[in-house]
Amino acid sequence: MTHPYIPNAEPGVRAEMLAAIGAASVEELYAAIPADLRLDRPLDLPEPLVSEHELVAHMRGLLGRNTDTTEALSFLGHGCYPHHVPAVCDEINGRGEFLTAYAGEPYEDHGRFQALFEYVSMMAELLEMDVVNVPTYDGYQAAGTAIRMAVRYTGRSKVLISGAVAADKMSKLHDFLDHDVELVVAPVGPGGEIGDVRIDETFAAIYLETPNVYGVVETRGRELAELAHAAGALLVVSTDPISLGVLAPPAAYGADIACGDIQSLGMHQAHGGGHAGYIATRDEERLVAEFPSRLFGLAPTEVPGEYGFGDVFYDRTSFAHREEGKEWVGTAAALWGITAGVYLALMGPEGMRELGETILARTRYAMERLAAAGARVLHPDAVHFREFAIEVPSADGLLAALREHGIFGGVRLDDRTLLVCVTERHSRDDIDRLAAAVREGLSVSGTIEGAGTPAAGETA
Amino acid sequence: WDEPIIFEQSRPGRRGIAVPAPGVPAVELPDTVRRAEPPRLPEMSQLHVLRHYVRLSQENLGVDQAIAVGQGTCTMKYSPKVNDRFVTDPKVAELHPLQPDDTVQGVLEIYWRLERMLAEISGMHRVSLQPASGSAAIYANIAMIRAYHASRGEGERRDQVITTMFSHPSNAACAKTAGYEVITLMPDENGYPDIEALRAAVGPRTAALMITNPEDTGIFNPRIAEFVALVHEAGGLACYDQANANGLLGVTRAADAGFDLCHFNLHKTFSTPHACGGPAAGASGVSEALAPFLPGPTVEFDGSRYHLDADRPLSVGKMRPFLGVTPNVVRAYAWIMALGAAGLREVAETAVLNNNYLMHKVLQIKGASAPWGRNRLEQVRYSWQELSEETGVHSEEIGVRAADFGVHYWTSHHPYVVPEPFTLEPTESYSKEDLDEYAAILEHVADEARRDPGLVKGAPYNQTIHRIDPSSLDDPGRWSPTWRAYTRKHLS
Amino acid sequence: WDEPIIFEQSRPGRRGIAVPAPGVPAVELPDTVRRAEPPRLPEMSQLHVLRHYVRLSQENLGVDQAIAVGQGTCTMKYSPKVNDRFVTDPKVAELHPLQPDDTVQGVLEIYWRLERMLAEISGMHRVSLQPASGSAAIYANIAMIRAYHASRGEGERRDQVITTMFSHPSNAACAKTAGYEVITLMPDENGYPDIEALRAAVGPRTAALMITNPEDTGIFNPRIAEFVALVHEAGGLACYDQANANGLLGVTRAADAGFDLCHFNLHKTFSTPHACGGPAAGASGVSEALAPFLPGPTVEFDGSRYHLDADRPLSVGKMRPFLGVTPNVVRAYAWIMALGAAGLREVAETAVLNNNYLMHKVLQIKGASAPWGRNRLEQVRYSWQELSEETGVHSEEIGVRAADFGVHYWTSHHPYVVPEPFTLEPTESYSKEDLDEYAAILEHVADEARRDPGLVKGAPYNQTIHRIDPSSLDDPGRWSPTWRAYTRKHLS
Amino acid sequence: MTHPYIPNAEPGVRAEMLAAIGAASVEELYAAIPADLRLDRPLDLPEPLVSEHELVAHMRGLLGRNTDTTEALSFLGHGCYPHHVPAVCDEINGRGEFLTAYAGEPYEDHGRFQALFEYVSMMAELLEMDVVNVPTYDGYQAAGTAIRMAVRYTGRSKVLISGAVAADKMSKLHDFLDHDVELVVAPVGPGGEIGDVRIDETFAAIYLETPNVYGVVETRGRELAELAHAAGALLVVSTDPISLGVLAPPAAYGADIACGDIQSLGMHQAHGGGHAGYIATRDEERLVAEFPSRLFGLAPTEVPGEYGFGDVFYDRTSFAHREEGKEWVGTAAALWGITAGVYLALMGPEGMRELGETILARTRYAMERLAAAGARVLHPDAVHFREFAIEVPSADGLLAALREHGIFGGVRLDDRTLLVCVTERHSRDDIDRLAAAVREGLSVSGTIEGAGTPAAGETA
């Protein structure tokens, strides 16, 4: 049988094509590959499931072994967030035209260029910055590149980095930067914000996250910006754009580079498959020169008033100059950029504001309820957005107890600390249900008094 | 469609979606963190947002619409729709990446099984599915190379990476980003990477050779094992960029030529959709010696259940958040399951046959050539040099005109070592009739270029917009990378 | 796209999908039942089937793409995408209609709740969600009318149904199919159905009045209660075709005017998608007296669980297989839940405002008129009579030309009582800017018709195909209702 | 808040529009509706769930109370069949362009016309008939109309109808036909096929189904055609097109009209929401004149070689002549026609043949296994396609026992009879699992010997 995916595997057409090119067999076409490099046996792979139904049955069997977050009540966050995904987002990114296009020219792929231009433009409004990249892989990469941009911009090689960063992200940053950038980690203050910060003129940047790994909203942005600028360094701020309907964007308090992950803006959790990274700056040529990503810009056409698009300052890139470009550029996460654009267009300014208010309020409510249930809520006086940490006698014990109630209670940061995530998807009832289960789970061992600031680890 | 920029469709007060009200007491924010001005996002009803993006979507040529053989090196193939269904199912889409292992056994098993499949296909010992893309896999490989040499005390000394001009720019660029000096081998007179240049370059400073084969020209370097051996002799590692693996499945393997590392692009060879440029997914395969350095965590199986192993002291650590681009891992797994060993071999053979058939057709077009002869696997970098010299029409212009007929082609990466290039890769997904039609369009445009060069240079005529004036794009005073910048510079 | 007929893309031996092998012993069929020749279906790879239909899909104007205000009487409104998600979920898509009641409690509850919502909206006693469409609901209503009169021994005598010219043709046609003689009231000089004609028609042979209000002209008949009373006095039933209910939600109800039966089109007023012409869904509402005759089974609630009641001796029985068009029932329910009482009222008011605003714009176009004044609810039947007399261009031709600009309009049902008609219904889904653009296109085409009638008559210019020669479509010797007929008559 | 579905509900735009038309309020526009017909209170409806997330949560809660046939192992058929639905079918009918288009002209909706023309054309090849309608609602309506077509064509008013028809379908046919057509029901023979048939020249048609309600393939089609034709009547045959890869189409044995449901061809069960009806005839003007449905035909355009489309013989319809047309026409089930076209194009002749063979073989296998498990299989000597009936001591009892195993065992036809459906979706393992559960379920009461032919009822 001719495989449904391979039209020219049909023997008749194959013979016809071989005849046309004057080859006796396909084997001839492989003449360039030396015999000693040839595999002399079939690959050892499972028997195929060529019929679509059998493939579906097989996959359904495998995937049916997962318990998803519509089945369990999940309070897991820590970099991947359960926000509501509007159906229109799925509709648009599911359309074959976007899903299967790639890298055409601004003419035949005009729609892709426009959609991505609109995405960066909406992010620019949210961030109050004029330049935003076509997405890179994720917030980790965005942070690494944003730091490298500051390093290149200043010509310095030390960076002060907030300690309130996820351990996995720290791992990525070390791998990406250590060979030529010295990362100095700033301690976390007792209130959950970045602690005492000192830099000098050997520093390229201060790197801050807000809300940080504990969900704490950093309030000293302006002070840090002034500190950095006084030393001739940049302030790089990583922030989740979903907070910016209510929280001031980094540019408002003087940040030079903003970066982060856009998974919150219309992407499913997808077991970590919904990530994409943004980087934004003001429109300063020297800073723009440091972007490795593509930047799409408006360009006029022959027809007055018509908008075309193209690459801004292409010469920066590795596509233009290989290793002489800035870092590298390649396929990253464009579809999620388009999707985030759809999300922001649906939400508008009011939607973003209301969403922020709902999340702030429900986060605070959950903190109060869990405190009342006997958990020790860390950094209770800080402003929290979407996440907060609790300290309990045994993180594993409590998580196991919550599992009995069909609840994924939070991400384990260390033996005694859990990170709890609350979004607009968690109703008041959901939070009450969590609190009741926590109360029950803790009743075995009671509450604990006094605990230090935990390390920012994760379970994976 | 003559679709305005989305901001031009905004009207204050409209809404595309409603958000749940708090239902609990509000939180007052301190001034230091409260946003002062609302963001100037568009305000539109739901239908209007949808309609806008549906119209934009129709202004693209994807694999689902067009004969997408023109994006050579990118392996534009059919992404089976059934595989998309698996990943939009809540059993994938609504999984959190930090759920307990026992609640994601299905996903972990797929990771585990796909790793073993790719290990078999490449001959490598283990495979990491964490990298977010092909370039990210290249970077992961370089990170492992660096860690390997460092673990042997040679990290400082081995500070050079050798690559070739017809390998993807990311091989050079990632190596540079990782701190290496880059040496690029140019093609010899037969189009192969110059082995004499390699001999000259290789030495005690060599950390690795990063090489594609067949290169982006479609030419397979038959002395590849010799290249690898030269590098090994110098104590370097050999890393195989398998972006062009589509013609090789079941035919030859990275391990067979002695490579220490390799990577695949799941969105190329293994059919996950290109998605306008990602999300993609890469797979880094390594030999047993390199396995301790793989990014973490790895997926392990104890005979009854799958679990994550993060306790790997030599690991280079995290390449990206969480385990990998799971939806694409699921799709690639399903694609291989639908084909099996015989199917993959048929993919490879058909891709090579299609390519040679299309080359046969294209080379019949007056003015088209394929430097360095006809030895090609699954793609060819062609040249319009003759046509261009005759007519003054450039390859970019021919491409724009061809798009008037509903097809696209890609020229090549810079620099244009092959003059007036165009790169075609007709994967196994296309029919003979598609290839005939594609070649006929190129022939038609080539004829037009000879008859009426101005006609071709004036294209497009049949697309959403007309010829773009790119002059502002490199001018800091005028460039407009966002609407915000545009309105400031041009509308105020 | 210049997309060939699918049979022209076939190549023997290709396959679009594979089927599970039996895996058990084969069955030999006797010659009497075994197919002799394989059917000449197309043979294509999966991508090629997909691509063909994707291209065809792009050659349509739906609500998701266009300003679809031109299909008056059809209530083209936004079908929320989120509602589509509910019905493609296996929890709807993979339900068998004969599962035990306790395994479909969710679906039954939705039926039960939607029935009560529609009863509240119409003021009727009960509602059947079984009919497959608006016309099927009309037929169901007629079947109930027939059963009602039969149950009273008047079945033979009452053999006439009265309807109006501006009610949908199915009112007349379904009545005729059910065995009734049909009397059609024409409009009076004010555009209302002629009440004197009704007085003349009504009598002991009257089974029912089947009437729309507002009629397809958009005119609301203020004496509707009088019409109903006249029929009641004669012992007939009054049945309200609520296809045009969109402007009336929360404003006036069928029961308020005394109707015994009514029907809604869920695919119009309640937003389920039009789907190129179905699947649709109808809802038949009836008074308490008619309730025993409703199609069966009905969904009942005993306070703790929902169940089907098929034990209804007076029921007219089955109108279609199983319970109803469940996916559309689910969508309509979700739509109402997203709006609530205030939202429905806002739908109605906005639809009426949009219509009056568009009328204001259209009537400023030279050559356009709306017979019988400006009293309109949610739609208007306009006329190009003036323009046509001046230019010789007909309404159909103007419509084809307008489609060159990406919009469609519908003329009207036959016969054209309003000369050179076009019927617009700008539902609540459209923005003021849409209406302005739509009116501007009509104005532009009207100008063209005056300036250059041949230009308009020569359209289309900007669509998939060019002007059709319809002459063969009514010629039995040449018509080609299938490719099989075409190849036999024209290609052999 | 302006509702996301109603852009002009925004107060500013509303005021602007009212001003443009010179109205003080929307209320003015309702002047035509007399006060005594006006509703003087808000509708009494549930509180709305305007936020999409809350709507989704509500619907998920409701629909989560269903158990679907991917969760249970279902052998339910009886008019709605669990065939594999290719993903490409869902992809195409989910595209907004098809889902939200309606009734445009053959120009701007060229794709819809072509897709439906191709659907009828593929059905024509399967049926070996030249004329096929744009779908009507379902197979019930198709049967009713096909019979009416025969009645009009012959000018006679009696129809002989096979007794092996589902009870619900009989109900529909009686409602639709009784007032002017006399239905004479032919008994079912002992082998499960139509029994003794006698007609005379007052009969308009013989109406036959194959496979019939018991899954039995009727073998006397040619004999019945000759009988009908000898009396000047027509043979009307209802058949599921999914069987026609292996079974002879009605035209091959002389049927004049074929009809049936196309739900099998790529539509989900969807709780009965996937139905559409086809009617087909030869290309004879008098017969074509009796179709009420639209017929789409090829028509040339100004450009030689270009295909346009249009309505064939439009004058037949109620759109053209209201009650003077044939029955009525309106919105029915076009999208399922398009989908069935996609299905047939994917399958091709070989796919249809293989599918038929798989179903025949697995049906037979299931009959053997259930017989071995102790059920009495009815009509064991007949050829069965996809369905067969079994007799057991208690249908309800067995169904309940199977439910304990997560199995929907079949449709209850009467107290002692179950109809079991087997398709390509049922693997050998699935059938073995059913057989084992039946054996266990029957072990309580043992097998039964001797039983008559059951009535063709149904559970709903």
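Chains: A, B, C and D, in written order; residue numbering restarts at 1 for each.
The rule is simple: a contact is a pair of C-beta atoms (placed from the backbone, for glycine too) under 8 Å apart; a residue touches a chain by one contact, two chains touch by 3 or more.
This structure is a prediction, so every number in the text was calculated from the model and none was measured.
In this structure, the chain pairs A-B and B-D differ in their number of contacting C-beta pairs, and the larger number is found at A-B. Distance between chain B and chain C, defined via averaged C-alpha coordinates, is recorded as 47 Å.
Note on chain placement: the centre of chain C and the centre of chain D lie 20 Å apart, centres being C-alpha means.
Chain centres here are Cα means. That of chain B falls 45 Å from that of chain D. Of all residues in chain D, those touching 2 or more other chains are 1, 3-7, 13, 50, 52-54, 56, 70, 86-88, 90-91, 95-96, 346, 350, 424, 427, listed in ascending order.
Looking at chain C, residues 11, 14-21, 44-48, 50, 54-55, 58, 63-65, 78, 80-82, 84-85, 406, 429-431 sit in touch with two or more other chains. Interchain contacts join each chain to each other chain, per the touch definition above. By the touch rule above, chain C contacts chain B in their complex via residues 1, 9, 11, 14, 45-48, 50-51, 54-55, 58, 63-65, 78, 80-81, 406, 429-431, 433.
Residues 11-21, 44-48, 50, 54, 80-82, 84-85 of chain C are the ones touching chain A in the complex. Interface residues of chain A, counted against chain D in their complex, comprise 1, 4, 52-54, 56-57, 60, 70, 84, 86-87, 91, 95-96, 346, 350, 424-425, 427.
By the touch criterion given at the top, residues 1-7, 10-13, 50-54, 86-88, 90-91, 96 of chain A touch chain C in their complex.
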